[in-house]
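Structures incoming, each one as structure tokens.
Two complexes follow with subunit A in common, the first pairing it with subunit B and the second with subunit C.
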Partner chain A sequence: MSSSHSPSNTPSSDGCTLAGALSVATAVADGVTLVHGPAGCAHHHVSLLLTTLLDTPGARLPTLLSDDLGEREVIFGGEAALDEALDEAVALSPGSIAVIQTCVADAIGDDCAAVASRIRSVPVVVVKSGGFLGGGFHEGEREALRAYAGLAARLPAPPEPDEGAVIALVGEKNLEYGADRHADELGRLLGRLDLGIGLRFVRGVPTASFGLLPRADLLVLREPSLGAVADRFPVRPRTPRVDGFPVGLSGTLGFLGAVGQALDRDATAAREAEIEHQETLLARFGGLSGARIRLPGSPPWAVELAETLGMKVDGAGVPVPLPDPAPVGTDGLARLLVRWRRAL
Partner chain B sequence: MVGAVAALSSYEGLGVVVHGSSGCWFYPSSLLRVDIGCTDLSSEDAILGGEARVRAAVREVLPRHRRVAVVNTCVPAIAGEDLAGALHDLPVVIVDAPGFLGGTWTGHERAIHALKPGLDAGSTGVGIDGLNPLDPFARGNLHECERLLRLAGATPGPRFAGGRVESIEEASPLTVVANPAYAAGPGMRAGDLLGLDRVRETFARLAALDDRVDPGPVETECDVADERCVRACDKFLSRHDPPRAALFGEGAYVGAVALLLERYLGADCAVLGYRDGVNPPGRWNAVRADDLRRVEDALVAAEPDLVLGSSFEQRLRPSTPFVPLAPPIRGRWRLAAAPLAGIEGTLGLIEAVLNACAGVAAP
Partner chain C sequence: MKQIALYGKGGIGKSTTSANLSAALGESGRSVLQVGCDPKHDSTRMLMHGEPMPTVLDLVRERGAPNVALEDVVRTGYAGVRCVEAGGPEPGIGCAGRGIIATFQLLEARGALEADVIVYDVLGDVVCGGFAMPMREGYAEEVYLVSSGELMSLYAANNIAKAIARLAERGRCRCRLAGVILNAKGMEREEGLVGAFAAAINSHLVAAIPRDRSVQLAELHRQTVIEYAPDSDQAEVYRRLAADVLRNDDLSIPRPLSQDVLESLAFEYTEL
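And then the complex of A and B:
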């Protein structure tokens, strides 16, 4: 029986920048996203976003417009269509407008920034993604983060959060099913240091809150590859950052230590409390001890988890699932261990 | 592009290659779940030309298929690549269907035309037109059209789109249409099969054109189905008010469904949103529904207590009873081949509407 869930001959590259840029832009709570390209491009992505959102109760369908470039615009240029669509977007009174370029717009050489500069009443972010001409999904995601960081530098700073220090999560994977759960876990861990999440850049927050970015005391990147994007953020010189969400048992403890060090706080008590929490979690899965498992790719965090539980990892063991991306923090491991137990 | 890829992929023996980026390839692949090739164009290819890539992709796909179709996408179309020249020595059909030319229906039509279907004047079968895998009812429609043709003593002929790739050359001179939005095949169209009245009319016309067709059994079955719908809806109306419906989808579908809702339930069809540019015939409040905001505005104005459409409309009115009528249909399992056309299509639709309005879970 075939249980393949994806087409067999997946091309090598990671798709189109449009998807990555939209994953960021559509996560701005009061934003409107305008796809400068054929209507089909917008339709595809709304459909894919809808599929993602179906698993998120109460999630709103983002406002996504298209200027519907057709054959006429391909021949004569699409700037007039963009201009008209921008007026439509402004009429919705959004907190900001993101203009996302498709490959068609790039190929015909439209100057989106010049068209967008006419709009004064609403901040407009032009994401120079260029469809596949600009790369793949991740390039689109990064280009959108850069564009919103540029906007952040121009916005007034909102009041700082109660915790005092502004901690910004950067580049959450918005299409990931567990994105909010991961943020909750980070909030729980930061709470051990009497800290909280000051800004989610960019997920579910209004445009005005981006003004906090230049005042960030710590950047927590979703993954290390976002370092190059964060290098150019409009933040204070030497703003510390943690280069990834915590993964695995020791990784989670290391995260607490890194945050404490970055903000000059003693993390000893926080680490001890988390160790106790991890022991409680591991005790729930004590029955896994002695099981022989096979871990695809043998990532160190998973090997550590298995060995801490007294499991034997070797190529002849029972294959167990490993999610990609890896579970975040300690609590993220619980759901994984339930799946391992089921597989065994 | 997606409409073209979908139409082509429904032919057995025809390999399909998307000449474009992996992003363009991803959407039809994820929707159709079939083996589709891709030239996986990069920005360098867009500058230097993708001819070498398309030749390589075709050569990779050819051994597994009897013919190959290459579907062109936006950027190579704008760049004006000479695909015909690059592939002149290979058994390839080139379908120029960049996304900016229009919707899925345009792509479907361009694909069928590019295949250059041939009429078989000696064919005794009745063809089935208006099939595309993007239509959530396509598989059910095919089965129902075949069943009704057999019931009338006719032989189902080649279909558009779908079947063996060789059947493209053997098209029937006479056809029935499952979904007019995708009617692009050759031959004389006797009519569509949307609703019992149209089934009767189309089979009467078929019988007039082909004396081997006996519409009697189909008419009898229509009478029985009509009675079943009347009885069920009468029972519903003894307990509930007629629904106030908002319908979204292809023009022909929403028009036909609105007639059924009016006839059997006395429904107030407050708004008919058409996506394909084909204004549904009749006296309806019809709006173009190819924009989510326009759909939202129409739903707010209509205040329906029944929505028929896609998951988009369902998402906009999450607490209103919903019946799937247009793609995408997400968040529910759909394994059986449910028709909208034909007698079973009418029965299935009325059944789904009654169950939705009465809050009955699907079996």
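And then the complex of A and C:
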């Protein structure tokens, strides 16, 4: 047996496509998510979502339905079951409905889009997330983002935020511990440029707000790999974007510069203020100077942080935690340094 | 008990051959069960004199499997042949292959699969796991490939030979190729071609059924040839086939042909 197929060799990011799609769809504040597949598929992922959300203060429990496909539907097609379940979903008066396709539905060839097109009173998106089609968790996330982007193009634009420019965060990792703190940090950084987050695409916002996406002045992607998804967003031609959340000391300053450049704003003052903020942080953790630490993988942002603090990085040092994904912004580094200090 | 399956390309005459084979076997005093495994559910039409047959899957859909009794799905036709039609989903939706699996599970659970000879008439164009299930799960121990001399028909037969060869590699699978039945279209050198094909895949030609107007006339009268024209030469061909099937013990693991070899064979026997 090929060891490449062993679960122990499979990155956690290569989990079920369905889980990735659900992580996005269930984050729509007024949405109902309908899993088109066996009830077990929904149940398994409800368990996963609930376990994750237990760690998130104030988290909203998503409304998740299943049309409970069984052998009868596999033989005769599951479209009638989906049709019936869609009526139940509509009765909940949601802002939108996401139909999440499972392996079974894709294998038997149900035309979910055709069934969904019957619903006129509520916007419905269909997410192709049959795991056997390839990809894993991240592909499910991307498919869901593509589906909601398609919906965004059909929605009327809501009023623009007070800050004027619409900045959209794209592809926040909704199952990530601290996702909201990362967004808070981005809000703080953007505030230095008198900007704010106009749209979180997709996390904790109502469906109507997606109408802002086509009017976005800047897209801030959670990670560079989302570029292929954003390439096909219904945004204005040449809408600028920043291909990743800020990571590390210089990375955070670079983020401010990139945003300023994208929106034709002078970021000098913002960068200076942030440098001052970083110096305060470094002074707070000055006691770490001289400590010998080991950084698995030696990511440049972590090496930069350690060396700026006067720490010695070598293979014989004390191993310190390195979260994956990396902490966001300067304040993310502050939380990391607390953990390093504890480890030492 | 002898469990045989006739596989072949759609429209090649599997149902006609199966029904006449079952009729001949029934006429000879054997208890026979014919199971039609094609969503278009017309396998047993001639045996049932055109009487509409309730399909297993229609009843499963209407009532749910636990509420389907044996007497709901088994009808007795000409010469005492018991008839079952699996049926299937509407075209373009669902999974007919899974429907075949569900049908067999239901028939087995109800104790329906008992007879001197069981004849499974199975669609051969679709070679997904569902349609291979009668072979895989040991229902069809002897497989007959029904083919004409047309290339596409031989191509389908060769595909089924591939499935048998693959399944035969598994120790628990008893399915073997029992031979090739030529259902002639009237092409030049057709019997030679199909006979050569049978030999090339490590099998043999069991019968050569000529093209005959009595078949068409019998179908128009909703009867098998055995019933409609019992004294005809064509009826005698089917009776000989039945006798040959009963005594056939020349079972093999086929060696399917590559596409190139298959096409070369067809080319060799074609008048240009």
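Just so we're on the same page, the second predicted complex is superposed on the first by the 329 of 344 C-alpha atoms of A that agree within 3 Å, B and C clash if a C-alpha of one lies under 4 Å from a C-alpha of the other, contacts with A are read in each partner's own complex, and residues count from 1 in each chain.
In this section, a contact is a pair of C-beta atoms (placed from the backbone, for glycine too) under 8 Å apart; a residue touches a chain by one contact, two chains touch by 3 or more.
Predicted, not measured: the structure shown is a model, and the values here were computed from it.
A simple residue count on subunit A separates subunit B from subunit C, and the partner touching more is B. Looking at the shared chain after the overlay, A:71 reaches both subunit B and subunit C.
Contacts of A:54 after superposition: subunit B is touched, whereas subunit C is not reached.
Shared-chain residue A:79: touches subunit C; no touch with subunit B.
Contacts of A:170 after superposition on the shared chain: neither subunit B nor subunit C is touched. Of the two partner chains placed by the overlay, subunit B and subunit C both lie in contact with A:108. Of the two partner chains placed around the shared chain by superposition, neither subunit B nor subunit C is touched by A:242.
Annotation: subunit A residues 71, 73-74, 107-108 touch subunit B in one complex and subunit C in the other.
Only residues 57, 60-61, 64, 88-90, 93-96, 98-99, 102 of subunit C touch subunit A when the two sit together in their complex. Residue ranges on subunit B touching subunit A, taken from their complex, read 1-2, 20-27, 29-30, 33-38, 40-43, 46, 74-75, 78-79, 98-103, 290-293, 311-312, 315-316, 328, 330-331.
Residues 6-19, 37-41, 44, 46-48, 50-51, 53-54, 61, 63-66, 69-71, 73-74, 102-104, 107-108, 130-137 of subunit A are the ones touching subunit B in the complex. Contact residues of subunit A toward subunit C in the complex are 71-79, 107-110.
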